[in-house]
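Going in written order, the chains are labelled A, B, C and D, and every chain counts its residues from 1.
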Amino acid sequence: IEEPLIFELGSAGRVGVDVADAPPVDEDRLSGLRRKAPIGLPDLSEPQVVRHYTRLSQKNYGIDTGFYPLGSCTMKHNPRLSEKMARLPGLVDLHPFQPQKTVQGALEVIDTLAHWLKGLTGMPAVAMSPAAGAHGEWCGLMAIRAYHDDHGENHRRRVLVPESAHGTNPASAAMCGYSVDPVPATDRGRVDVAALKAKLGPDVACIMVTNPNTCGLFEDEILEIAEATHAAGAFFYCDGANYNAIVGRVKVADLGVDAMHINLHKTFSTPHGGGGPGAGPTVLSEKLAPYAPLPFVVHDGDGLRMVEHPESSGGAKPFGRVKGYHGQFGVFIRALAYILSMGSDGLRQASSDAVLNANYLLARLGGTLTPSFEGPCMHEALFDDRFLKDSGVTTLDFAKALIDEGFHPMTMYFPLVVHGALLMEPTETESKETLDGYVEVVKALAAKAAAGGAADEFKAAPKYTPRRRLDETQAARSPVLRWKPGSNA
Amino acid sequence: MRYLPHTEADRRAMLAAIGAKDVDSLFRDVPAAARLDQPIDLPRGQSEMEVERALSRMAAKNLSAGSVPFFIGAGLYRHHVPASVDQLLTRGEFLTSYTPYQPEVSQGTLQYLFEFQSQVAMLTGMEVANASMYDGATACAEAAVMAARVTKRGKVILSGSLHPHWRETTETTLKYTGLECETLAPDPLAMEDLMGRVDSRTACVIVQNPGFFGGIKDLRPLAEECHAEGALLVVAVADPVSFGLIEPPGAMGADIVVAEGQSLGMGLQFGGPGLGLFATRDKYVRQMPGRLAGQTVDADGKRGFVLTLSTREQHIRREKATSNICTNSGLCALAFTMHLTLLGETGLVRLAELNHALAVRLETKLKRVKGVRVLGNSYFNEFALYLGEDKDASEVVDALAERGILGGVAASRFYPEWPELRPILLLAVTETTTESDMDALVAALTEVL
Amino acid sequence: IEEPLIFELGSAGRVGVDVADAPPVDEDRLSGLRRKAPIGLPDLSEPQVVRHYTRLSQKNYGIDTGFYPLGSCTMKHNPRLSEKMARLPGLVDLHPFQPQKTVQGALEVIDTLAHWLKGLTGMPAVAMSPAAGAHGEWCGLMAIRAYHDDHGENHRRRVLVPESAHGTNPASAAMCGYSVDPVPATDRGRVDVAALKAKLGPDVACIMVTNPNTCGLFEDEILEIAEATHAAGAFFYCDGANYNAIVGRVKVADLGVDAMHINLHKTFSTPHGGGGPGAGPTVLSEKLAPYAPLPFVVHDGDGLRMVEHPESSGGAKPFGRVKGYHGQFGVFIRALAYILSMGSDGLRQASSDAVLNANYLLARLGGTLTPSFEGPCMHEALFDDRFLKDSGVTTLDFAKALIDEGFHPMTMYFPLVVHGALLMEPTETESKETLDGYVEVVKALAAKAAAGGAADEFKAAPKYTPRRRLDETQAARSPVLRWKPGSNA
Amino acid sequence: MRYLPHTEADRRAMLAAIGAKDVDSLFRDVPAAARLDQPIDLPRGQSEMEVERALSRMAAKNLSAGSVPFFIGAGLYRHHVPASVDQLLTRGEFLTSYTPYQPEVSQGTLQYLFEFQSQVAMLTGMEVANASMYDGATACAEAAVMAARVTKRGKVILSGSLHPHWRETTETTLKYTGLECETLAPDPLAMEDLMGRVDSRTACVIVQNPGFFGGIKDLRPLAEECHAEGALLVVAVADPVSFGLIEPPGAMGADIVVAEGQSLGMGLQFGGPGLGLFATRDKYVRQMPGRLAGQTVDADGKRGFVLTLSTREQHIRREKATSNICTNSGLCALAFTMHLTLLGETGLVRLAELNHALAVRLETKLKRVKGVRVLGNSYFNEFALYLGEDKDASEVVDALAERGILGGVAASRFYPEWPELRPILLLAVTETTTESDMDALVAALTEVL
């Protein structure tokens, strides 16, 4: 069933919201700037709107509809309790500029979540306001830069980033005025410690290491890396995208981490929502803590206080403000509801099961696909495309064929250090039955590819989706980024 | 534990398939010194009922906006959100879906993003809009960076009309980029003169309209000045409902428009998550940060949508990307576009008119309060009230709160370092404000002043 | 995608709800009757349950997903505001046996809705507690029987019911100990008044007439029918299933009606929910009002009072109690939210648009399908299967073919007075665009059928649904009505 | 109006297509005398915001159960419903779908009904269950009618343990059917003797277990007696959570089990809608009222589900149908089956144990209150408390309410004509009852007695 654009459904004069009549507009108070031309928005009735979005939703895949073996994204079950809590009128119908004594419960939400994040990571401080993972990265680097500037070390402008890092790492570094120096990987899929040490020097501000790394492996020489980094006067920024693998089993403070962002929408199960909103609180070490951005909550007498200005920060040296208001509060409520539900025991069990599930996939698929590295993995299993050699089938084709079997594709071509990567993160909320079903399908597809002659069939996939493969080249070459009156379907 | 499907039998069977004796052995790459053998000393898991009780207890410590006469704005407005918005938003196919990198199974998300982009472009009077950013403040900062990239210049001028949080976020963002910020003093009378400041080093001027203190300005002369000097004009907007009544920035010559979209679809949520709207001209699209949905065709020639122009983005360009942004506010954009689709042209215009009319009504009623006056001579749905030379608005706000009224925000909450702003109270109204709310405010103000 | 049964998804020891630990059970207090054998329920985790029901829902059609041209069922848009209101804690977290002074707002909901129903119909009383339309019919007939018994006329045991009536009419009459005497229809699709008059007599308790009738026509001789009925000492029970056609344009009191049930889930837009819950409040005339069942709300001093016993009913003669507690309160809230939203002006506009839409379908399809009767229809358009003559395609085949085009079938083979009936009720919440799209599809299918040779194709429909045509004969011949351990898919 | 899509232009175009001059002309078959020319004199339509305000005002006049210590049961129990139940229930494909007469596009509804029927059969220990009825009371009445049909006998015996509303509904239903009701006196001590009453005219005996006053009985002797006389034993159950702990009626020889399903999935809702559970033996299935989903195969041989055995029903059999019932409580059945699926065997058993344990705990605490005692010697999660000869429980309930405690129900609310029941207070607890709720009740009872 095709679904038109809202612009094709509208008819002037309908309305989907009844608005009370207003007295005539007082042009005096508009500086003569009343809008002259119509906006051009379509008019629809409520039944049309409800049907439109219901039908659109049916063209989407979600965790609620099936398994998402995406690497590096932790697409786990999103509890409905969290959604319910995030709609308690007493929590959400609050304005950030209400007098603080009228929002003590909201400050308690922030403070309680911060308490858990600090407790779980073993870190003394957390900046709550970053809006997403990349935002948190940048926040951590800003604190590092502020520290160095404050300590007369503003010559430290180089950042060491492993080749396998997420693209946000170098991008965030660039936004702090840093240059990026890539560090190679070993054939064990880990940071080349010797190379890293060789690159450390008095101009290095920090290293940015993802751990567990993007190959799904724990950096087993992490203590040595941290020690060398600190010895060189640099900081250790840890990309926390893969934190779900180790919550409750490792305190990142014990690894020598100075700053790490936490993706609440990954590790603490707030919904991805088709791409946001996320939240990226950033834990900070003792040294970096004073530079945390505004605002932050402090205990003050019997109550809590949100510090909004440097003058009232009690001697801290905040590097600034990273967004409007007080952080992704709606996301905080969901993360806190999840954390309280799981508890310290449940969180530890979750990371254990996440790692168990990934190793199970690795074991079950190891004989069919080609694992990139040896040994147990953490929460995700990485394969390369050697098993597709000479089949004419690419990683992309293989992944798209999964769609017709009812599964979302795994992450493809990332990390870049592996050829034709297939990265799978099953997460702890998938049952053994689901994994077994997935394994059977992947094996059958691999067998079909290996048998040869199926390349065209793979390239034609998916077939049973609302749309088949889309022409991305055309989209980029002649961009059509909006509907315009008179434009045609 | 209700979210974890494994039984002990499952775990044993899986370990056997792996060939591992226990789960601990899978963590053997973690240095022994850093391994924890026990759960961390924090509370254990709780049932739904217990978690509900804990959070309800926190909720009960707040005074919620809807329970009292409410006049707070200052960049974030309490509008009525139709019930269908939230019920559609929570459909699992929207809520639990991933970034639409696999367009074949993400046409729902991609089509609404395309519709959203179209609506934002129309509202702002611009040619093209992205699929949203974190919030208005970060969108504003991104606009400054983008203007510098487009113009290859290093100075950004921030008007005193700009929301202080947006200003601070922009200043912070530029701090280590080598770009320079020239920030003007807060401008409650909407009298500042930006014309003389634009020069050949200026990348852009950023103004807010209506301004933080409420005033509405004709930006055409400033746009001409900017363009004459080769600079861009960036216009920030705090309440998108105002687009229903006020000439859009695009029609006044803006090159980039940024706005906070929270007003539509989302409710207050203590200020987060927000929704950054970001629109510009076609010619700058490849310099624009953020995700973009575009129209194309599928293998059968049918219209479909994809994420496009990703060569601007960090996962391709890494340190050379237009921004480090890697997400948007997808679900907030959905709420926004659903609310706006329900309103339509007719509804949005009526809503904007109603907001303005009610603000005018409040101004009229405030004439009964001795010694106060509205600053400036134009506003949309929020204005700055001058309480009198010796008055401290923040004390008045507290006194009103004691009387069960959330009576606006004191300008000094944002500008503690400007004593002359101390008597200024920002008051906002929306369609949710009733006649009796206004009367209660007027009566209480009379009492406490 | 296939979805297993919950019994096939479970694995002992999982849990989807965390329940606090209980102390050991005190067998003393259980009379030794603690359950011995396991129940046999499957254990699932929350993620599995959420996915199961999400997937099941995707196998359903609903108003939210498309047009429902069902006759006699008024499948109109269900506003989400009504759902939101029906979840206000202050309205729904109430026990029916709380002290009445603690539920004055709930009584006000019932009383306000009753006020509207009386005002709209012009009737002096309404029994609120019937749970559905058929239940309301029975309630109305019980009041009639109680009246007659109370007035020494308990010999009145015959009920006249037109041939075209819903099956519930005779079934409800039988439950009151009445015999059913069918009344024929004229070739104008209406009650044969002469035949009805001939059947009226001193043993007739009431007539049961649906108006607008099940052919979608208004009984234009209704006043004469009512007069003759009353003259014979009988009552006029009106089946209100089609009330949506006339709300705000006709007060049923003006038609001489003595009792009529109102399907809140049709006329006042509470969700059908895959078959209930509904609500069937029954309006009553002055004569019948004293016999209304318990409970009912009365104004008492400053407040409202729910009368639960005959003794406190102020002299009424309730015929009894038709269900537990106080009626379908959750449905009442939704209906009231809808009514307040529409208002008297909106309700009148709704019935006008409903009739307009039906006549539009009749006009647009009249040349292609074969309309059963002449003249304007009310809220539904009736066709018979003459247009399918000699095509080898039946009404059923034709309707099933609609499914593959994205539409729910119309009502088929009802009313029985027409051969191979196709009954369509578009309702007022469908847009002209939707109707036009539907008309094009119906015309194309009719043309295909008329062209001949397509019978097999029609009989193979639907093809693009989660299941194709199901074997109903097998289902009824060897009923499998539950899953059993060891039973197989 | 937001729910009506037609514009005036649409209406004109449609009238033109019809060939009618105006909408009024389409109503020409309505006798002129009955036509209204104007909207009826009732309020006009309102915006969402206004309707919300109106209903919220009504809500504010109630004391909601969750806001205070709460001990009311009497046939309807306040259990915690997991958040996912309601969010899944409101999916449009469930909420806005029709009765599943077209199975090809209704497999969602049909499969959950099949699962529901299976669960109900398991819980009750019976062979087969229908797809639900209006509520427990009407299901009970239908059971009486069905028993008469099966046995071709005319007398129904109603135990004093039966909920008074169920009794009244059954009596009303039988009133004009030619069947006779023999109703026993209310039985707070669970001492009544039914054994001698069953005779060759008896169609069935209807007992509730646990009884209305709480007592749990071994029904095996009664079942034997009934079967010896050729009568059926109908067992009514008020709280299905009790199935997790107590021997099911099926195991004790019941022929029909009826129950109120509201406890699972639905919340209180001031008592409606309810959910009637109805289960029986296979051999009676064609005499059973109500809708049934059954398994079959489709044209491709795949398992699928349909409504079946509809030849019992009114739309085929008309006045000869098993019942006039034409709907079920589909959405309530969905809520029930979702909640029960979340609980599973493990969860339901734990929940039942917890309910019972908390009731025992309350009994223990009540020993601190002088002069009161629990009647009978068994109960599940509700018991009858005797307050002392001269006490009036309804006055106590009012006094507790004044203290902000919803402290049970007086038996006299149901039995005003039985003065000896005046001192009896019914008290229920569930997993939602906290320790401090119980302490508050005990303290307040001590005060008011």
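We take it that contacts are C-beta pairs under 8 Å (C-beta built on N, C-alpha and C of every residue); 3 or more make two chains touch, one makes a residue touch a chain.
Since the model is a prediction, treat every value here as computed from it, not as a measurement.
Shared contact partners of subunit C and subunit D, listed by label: A, B.
The chain pair with the larger count of C-beta pairs in contact, out of B-C and A-B, is A-B. Put simply, the C-alpha centre of subunit A and that of subunit D have 46 angstrom between them.
Put simply, the C-alpha centre of subunit A and that of subunit C have 48 angstrom between them. Between subunit A and subunit B the centroid-to-centroid distance comes to 20 Å (mean Cα coordinates, whole Å). Touching two or more other chains at once are residues 11-20, 44-48, 50, 54, 58, 62-65, 77, 79-81, 83-84, 341, 429-431 of subunit C. Across the assembly, subunit B contributes residues 1-6, 10, 45-46, 48, 50, 82-84, 87-88, 90-93, 342, 431 that each touch 2 or more other chains.
Residues of subunit B touching subunit D in their complex: 2, 48-49, 80, 82-83, 87, 90-91, 342, 431-432. Interface residues of subunit C facing subunit A in the complex, by the touch rule stated above, are 1, 9, 11, 18, 45-48, 50-51, 54-55, 58, 62-66, 77, 79-80, 341, 406, 429-431, 433.
Residues 11-20, 44-48, 50, 54, 79-81, 83-84 of subunit C touch subunit B in their complex. Subunit B makes touch with subunit C in their complex at residues 1-10, 45-48, 50, 82-84, 87-88, 92-93.
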